[in-house]
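Chain nomenclature is as follows: A, B and C, assigned in order of appearance, with residue numbering initiated at 1 for each chain independently.
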């Protein structure tokens, strides 16, 4: 099981609902495009690439260093289909994985789609177009661009997942302080997730995207031209804006639920009398130890070390953390959408047959 | 085993095909859930998964798991299938993730095995995580192993999922098997003992070139399929039709699902 | 009295895939109610011709259907397209291409649904087609769990369900076991006597006398011969020239080498 596929039970129902809601407008835009282009071969193309993406996730890729790893194939899907087609294809592949192979949950499907299909596809497309620019189709620059696009995309997806997982114990605990869903706060969830993705998973995605592009350059250049039909006119992105606005409006509702303080989790807080009292209150009157629990102290310092530089401002405040999560996800998406509306799009228009 | 990537990939490809074939066999067989309309099952099992996600009580979670197990027995889903496809994977994966939480979660210390302070909150948190994952995975598995895929698609349409999305979903699942077969054949052709002697970069190139060939095939196939769709009158819009009718037993099943899910949500709030 | 208008009339029909010429100035008439066999080795243009006849590709030169010119523009008209798709059906060689739906029922219902038939009619016609093609009991079966013969029957049923008057078949007996082959051949034999116009692309010389009234031999995108099945199958020189027949060497036990011509019958091995 890939760590990227969040199973049922890791995210609270409200987080799941919010991420379904956030994904819906993207699907709406993507489907609208598909419908508009339906007279073309788009339906079978998206379906087949979704099937490809599903199958390629099973490839064990030999990685530098003697290990093997699995890639998700976001990078290559985005290069071949463009961001909107890739979004649909990866979503469908994720749904089939969740239903048939138990990789990723049903309630968390919205989250997985948001992270991998939406943030992943948009990031990969934006990166690829930015880095490949107008380089010739057979340029080695495109191989590198594809690899980096895959690497960045999978890490952007992982970061979103880590943020979603990391806010769970801040917001969703029972009165005794028991985390009800994913138990690790941001300062553990982020490094735990990112270490694996910055190395192995990212490398696998790099190897797959770059390797396939290199193969296509010698054997099937047509696919690199962008198999997706060119758009005739930029379709309205309004549903997208509405959805993102909704997400931002809904965020404060999540904050209202954030009764328990983030500081409860911070080793430093154990020395702070006020928060000790709060923990005591929420722990059915059992006084917390005056010292940092040994295990927590040790592990937290390991995990938090790489983050120390930037974690200070938002990691201490749950409201800020929650808002940051929403903003980061939305920001990624918006940035990518803006990049995709740039000149790169028009250069594709003439390329499709 | 350094050359093992071909073998391991072949195993994974086999596993995927086997899983689907086992599901379809169980779905064709007799059993309680097999007799229930797919729409009722889809909504009912989804409601139970949500109930498991909402529950703030471990005993309610245990009750839901017991219900899932009972439904599996009544639907003649082999324990082996449940264990290999839902339970063991979820336990190993989520168990490993939940384990450190036992000590990392602040709260009332209930023991110090090996000098690590285990907290009540940590134990409960781990139990919640593993319990939810196991319960949801079992319900999800019940849906796919007791319902033919075509019926699940029809049920999705009944719940207003856009037809074009359902068509893409159906076509994807259909071609997963064609591509699994293609990938399988290519890896079998590449299976050779001398592979282990190749430098790592060559093996990597071989693996990604195989993926590239598969992508080329995928693309050609999609073009052919498009022609085949046109030949049968496809002009851009897709239509679908459903012929399932709700019977008395389906209504009873719907009410039972609603009662169980409702009770679980109420008790577990 | 005038002769009836042929169903399809081709005049100097040419088609290129990128640089490759697939059809090179084909002039041909396909009469109504006859069974035509298109013979030729792989890449001789048979499959391409079927696609042009079905309006999936358009070449240069003229193609007339039912007396009127058949163009891409005409096929854009919805009522013409629906009429054409109901009257003309194409069965692809590769069942993975032909069967793109998740279940047998969905496969058979696809064509009628696209033609906007009423649900009641669709149910009735699909049920009838499943009966005719012996597919009852496979209703919810996904294509990956069908045998080769079952796939072919589903493929045929998915086209026959709308009862087309013209059937275009691409290598219908290729890669089938003998029992499945004979089932398909029985169907084609049954459509003699003007019941349907069939155009069958095949390399299987062993079946043409059963399934065709007229043979057209293709080589490198051109029509090189036309005639009755017995004329064509009897013309060993023509068959050898066009690659439909090849020499086969046997080394006998006494050491002598025996060379004799072989019919090339894909899917059956050597006869």
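Keep this in mind: contacts are C-beta pairs under 8 Å (C-beta built on N, C-alpha and C of every residue); 3 or more make two chains touch, one makes a residue touch a chain.
It should be emphasised that the depicted structure is a prediction, and the values quoted were computed from it without experimental measurement.
Enquirer: Once you've mapped the touching chain pairs, tell me: line, ring, star, complete or other?
Expert: Its topology is that of a line.
Enquirer: Closest chain to the protein's overall Cα mean, using per-chain Cα means, please.
Expert: Taking the mean of all protein C-alpha atoms as reference, the closest chain is B.
Enquirer: Highest contact-pair count belongs to which two chains?
Expert: A-B
Enquirer: Among the chains, which one keeps its Cα centre farthest from the Cα centre of subunit B?
Expert: C
Enquirer: Counting in whole Å, what is the centre-to-centre distance of subunit B and subunit C, each centre being its mean C-alpha position?
Expert: The mean C-alpha positions of subunit B and subunit C differ by 40 Å.
Enquirer: Need the CA-centroid distance for the pair subunit A / subunit B, whole Å please.
Expert: Using C-alpha averages as centres, the distance is 20 Å.
Enquirer: For subunit A and subunit C, what's the span in angstrom between their mean Cα positions?
Expert: Each chain's C-alpha centroid was found; their separation is 48 Å.
Enquirer: Send over the residues of subunit A in touch with two or more other chains.
Expert: 44
Enquirer: Find every residue in subunit B that makes contact with two or more other chains and list them.
Expert: Residue numbers touching two or more other chains: 20, 171, 173-175, 178, 221, 225, 229, 235.
Enquirer: Which parts of subunit C, given as residue numbers and ranges, touch two or more other chains?
Expert: 100
Enquirer: List the residues on subunit A that touch subunit B in their complex, please.
Expert: Counting only subunit A, the residues touching subunit B are 1, 7-10, 12-13, 16, 27, 31, 34-35, 38-39, 41, 43-52, 54-56, 58-64, 66, 68, 76, 80, 88-89, 92-93, 95-96, 98-102, 105-107, 169, 174, 176-184, 188, 207-208, 210-212, 214-216, 219-220, 222-223, 227, 264-265, 270, 279, 283-284, 286, 288-289, 293-296, 299-300.
Enquirer: For a test of understanding, state which residues of subunit B touch subunit C in their complex under the given definition.
Expert: 20-21, 24, 28, 148-151, 153, 170-171, 173-175, 177-178, 221, 224-225, 227-235, 239-241, 243
Enquirer: So in the complex, which bits of subunit C are touching subunit B?
Expert: Of all residues in subunit C, those touching subunit B are 51, 54, 56, 78, 81-82, 85-86, 89-90, 92, 94, 96-103, 105-106, 109-111, 113-116, 119, 122-123, 140, 142-145, 158-159.
Enquirer: If we count contacts the way the header does, which residues on subunit B are in touch with subunit A in the complex?
Expert: Answer in residue numbers: 2, 4-5, 8-9, 12-13, 16, 19-20, 23, 46, 49-50, 52-54, 56, 85-86, 89-90, 93-94, 98, 100-101, 103-109, 115-117, 119-122, 124-126, 128-129, 131-133, 135-137, 140-141, 143-144, 152, 162, 164-165, 167-169, 171-176, 178-180, 183, 200, 203-205, 207-216, 218-219, 221-223, 225-226, 229, 235-238.
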